[in-house]
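Just below sit the structures, each encoded as structure tokens.
Each of the next two complexes has chain A plus one other chain: chain B in the first, chain C in the second.
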Partner chain A sequence: MKTAGSEQRLAVLLPYRPAPTRMSIRIGPLPAAILCFCAVMAASTAWAQTGPTMLSPLQVIVKWSPLLLRGFAFNILISLMAMLLGTIAGLGLGLALLSESRLLAAASWLVTQFFRNAPWLVLLFFVMFLVPFQVTLFKTTIPLPDWIKATVGFALPVMANVAEVVRGAVRSIPSTQWEAAESLSFTRRQTMWLIMLPQCIKRMLPPWMNIYAIVAMSTVLASIVGVSEMLTLTAQVHAAEGGRPELFAPLYGFALLCFFLYCYPINIWTARLERRFRVR
Partner chain B sequence: MATSWTPDQPIVQCVDVRKSFGALEVLKGISLSVRKGEVICIIGPSGSGKSTLIRCINALQPISSGSIQIEGIEVSDPRLDKLALRRKVGMVFQQYNLFPHKTALQNVMMAPIHVLGQKRAEVEARARALLAKVRLAGKEDTYPGELSGGQQQRVAIARSLAMRPDIMLFDEVTAALDPETVKEVLVTIRELAEDGMTCILVTHEMNFAREVADHVYFTDRGVIVEHGPPATLFTAAKDERTQQFLSQVL
Partner chain C sequence: MQAIGDWFQRLYETTGLNFSVFYDAYDWGRYVGGLKMTLLLSITTIVLSLIIGAVGALMQGSPSMLLRLPVNAFVVVFRNTPPLVQLFFFYFGLGTMLPAVEAAGMRVPLLSNVQWAIISLSLFAAAFNVEIFRSGIEAVPRTTIEAAEALGYTRLKAYVHIVLPLAIRVCLPALNNNLVNLLKTTTLAYAIAVPETLYAVKQIWSESQNVFEMMVVLLATYGILVGILVWLMHRWERAMHIPGYAR
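So, the complex of A and B:
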């Protein structure tokens, strides 16, 4: 054995280690839209081989787009109303979490944890099947259509998440602000509404928008319980066109595109606000 | 225990005040009295309970035993109307604690409008006059973040004065300031004292205490070691601890 060769590495096969890949690709809204469009178009090549009597996938989408977009508008309506309801309820619950009364704080903590840690779909099922389809109040019957129930179903987890955001934001304000307000004889309620919450709005806005983007995307869950929102309509359109397999990707791709174009700007805007508020 | 109080009686009367945080006794029987219009300075090493004492006077912290009476109102009374008490007692903090989302003028106006329910126009006139008095005319619409420490502290003083308190508490109000802005705040406090406001100051500014105070209390480890008029306390301290402290800071 040569002594000079001791420095040389022996020809041993080292275990294969793949180089770590960084999965952080930033896609601008325009390239993303182009990407989705290409996915839709790719499927039309499959159509080129079929008979001439059938509509191309693009023609199918164009033909049904008024209906599908109406479905999408319905998704947005549900998400906005769930957010409105959830925010109002969440603000109340958040203030209850901060209450000086131990009992109220503990009770609202339980409620918050319950709704934060329950799967959204399960909550949706509960609301759908536990709430009757109509209620009679003082001899007037108020119908409760599915989409209203779904809205309530989505508002519940929103409420719990907003409550946590409110609690966290108020807690993050230095306690010296409370002392200053106390020494000026402000009551606790005045301190909360005049001094704490106005200071919190900036801190709460980005996480609140984040919740909204998640709600908007989650509204498609309502298709499972039969609300005729975009995904339900997409499935129906697909069936109406004979369930042709080559239509699957374009039709659902169209739904994806709609949600993406709606939620992506919200996320960009949220990130921008977060960056701006961090400076101060 | 709200006895009828007359201005010839002490406006603040502390008798054997004790305060513990858990096992740690911070105040071990403090007694002092302040007459209307007097300026009191409390000096002493860090951790001697000075700040705790004036926070107890304002009922920001409850006392463990003893008695504090403000204009005859017992602070340790469980039925105490804290809000009513605090309307009589203004407080200025080391860290200014202005409301960052409100302008200087709004900071001064908020409490009189929302707490005392006074008319906005009347309060605004008074707030502008107060800001002018603390030499901040022209800064009414500036947010606290854009003001220097000394300017913020003067807004904080104006904010307390807007409630027309009978007593002002100052908790190391110059401790967080740059040396060059300390003076402008001290000038403001001196003017206040000259106007006849009853002031209780916790301070590390010995020269200021000597000039302004009617009476100086030296505290160490939760007790008042020595007290007297500044002329005697600063030049002829009797207690060894006081002498040692003064030799370090003067």
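So, the complex of A and C:
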């Protein structure tokens, strides 16, 4: 059976045109990363005037990789804790954004805008310099090491971004559901917690994971304010190996590779979830 | 001007809030210098990243595999690595590999830290811009491109005169977001000692011992800068709006 469309076609010979191929092939994550790394290695060894006693860049990285990877694990720990703190606070802030009280909504809007629009590094400085290094609560002194303060510094922008995500997700649910819940005599709080938020989780997941990838990449900022995470350790390793200039590229390349291997799968997974949960 | 300086001087004497930038000419000079550097960084990186993004999106849509592959690799790598590490990689890693040049009797690196910051930040933002432009280009109806082809446009001309103007309108909100992000990311140049606002303000607060006050000034500065950028982008968005197209 012929389709209606093919019958309506005029009997003219259309000019040959290759089928448009747009964005069909994406380079695989691992090949790309390994390719870049190898290129850097090749470039750096070409420059290296390696004497017999000096280690080649690759040997240096292999030698120090346990330390560097421990630094990377610390980065991940900071990012996970910042995300946890930020999500809890952001959920509260997001609900405050949606609150019926004008004053609360306006105040939380101001807080959200403030933390979303300030640069991360500036917020980090803000927390590092203005939070004391120890607090005394009920006569017990709790020390606040710098990495805890850095975690809080990262949690603040996360909070504001998560708040926006929560607000957007709740707003995206058809308003008829609010009316339906009201007619079933749910209170506002019950509607929010029993009806709206469970539906929102699906919509919030992809942007939430996006935020996480950004946080994971931002944790290196902590090195600027003196937390000994991966980038600080990289600089120290470089100094320990005699500060040879040709070592810079491989060492920072290694850091790039670590973050790439961590963040790229998250990104792919996010894109896949986005496609699956697409709201039509 | 004098009245403002006097007022802040009095504020310091009465309340102890030391906004030294507003009455100390030296601090003010440093602050304005930092602000100028931030503006220079933001404007150059915004323009460069838009150009690289547009060219990248054109290459990404091309039928040739050889053109698409490098762009895709570039986007994937630059989107998934921390901008600070990219900056260090460029400045320390590649910067030390480049030959030094002789200038005024001194050996100086071929590219200064400001230039490296501009290159690195533009590339970082451009990776996002490529994706943003691509999403805009995909939203341009296929029929429009066919109509352009029927009128005898070449691929490049159709891209410049028809696809890109329409695509920009579609992706302006996302672009807006990314450019604000870029403006905030210029603070990273602090890490390679580019004297931008954060750097200048940090110098001021470590000499005048007024961390809290300078922090307020710093946050307000970035708040105003972001506000101006958002306002400009919204105006542009409204000016470019075509009735009946994309909302």
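In this text, the second predicted complex is superposed on the first by the 243 of 280 C-alpha atoms of A that agree within 3 Å, B and C clash if a C-alpha of one lies under 4 Å from a C-alpha of the other, contacts with A are read in each partner's own complex, and residues count from 1 in each chain.
As a convention for this text, a contact is a pair of C-beta atoms (placed from the backbone, for glycine too) under 8 Å apart; a residue touches a chain by one contact, two chains touch by 3 or more.
Quantities reported herein were computed from a predicted structural model and do not represent experimental measurements.
**Q** Counting residues of chain A in contact, which comes out ahead: chain B or chain C?
**A** Here the partner covering more residues of chain A is C.
**Q** Please work out whether A:Gln199 is in contact with chain B alone, chain C alone, both, or neither, and reply first, second, both or neither.
**A** first
**Q** Looking at the overlay, what does A:Glu179 touch: chain B (first), chain C (second), both, or neither?
**A** first
**Q** Is A:Leu144 in contact with chain B, with chain C, with both, or with neither (first, second, both, neither)?
**A** neither
**Q** Which holds for A:Thr187: it touches chain B only (first), chain C only (second), both, or neither?
**A** In the superposition, A:Thr187 contacts chain B only.
**Q** Figure out whether A:Ala249 sits in contact with chain B (first) or chain C (second), or with both, or with neither.
**A** Only chain C is touched by A:Ala249; chain B is not.
**Q** Applying the document's definition of touch, where does A:Ala73 land relative to chain B and chain C: first, second, both, or neither?
**A** In the superposed model, A:Ala73 contacts neither chain B nor chain C.
**Q** Which residues, counting only chain C, touch chain A once they are in their complex?
**A** 60-61, 63, 65, 68-69, 72-73, 76-77, 79-86, 88-89, 92-94, 96-97, 134, 138, 180, 184-188, 190-191, 198, 202, 211-212, 215, 218-219, 222-223, 226-227
**Q** Where on chain A does chain B make contact in their complex?
**A** 176-177, 179-187, 190, 194-195, 198-199, 280
**Q** Quick one: which bits of chain A touch chain C in the complex? Just the residue numbers, please.
**A** Residue list for chain A touching chain C: 18, 20-23, 25-27, 29, 32-33, 35-36, 40, 43-44, 47, 114, 117-122, 125-126, 129-130, 213, 217-221, 223-224, 231, 245-246, 248-253, 255-256, 259-260, 263-264, 267.
**Q** For chain B, which residues count as touching chain A in their complex?
**A** 58, 60, 82-84, 86-87, 89-91, 93, 95, 97-101, 110-111, 114-115, 145, 159-160, 163
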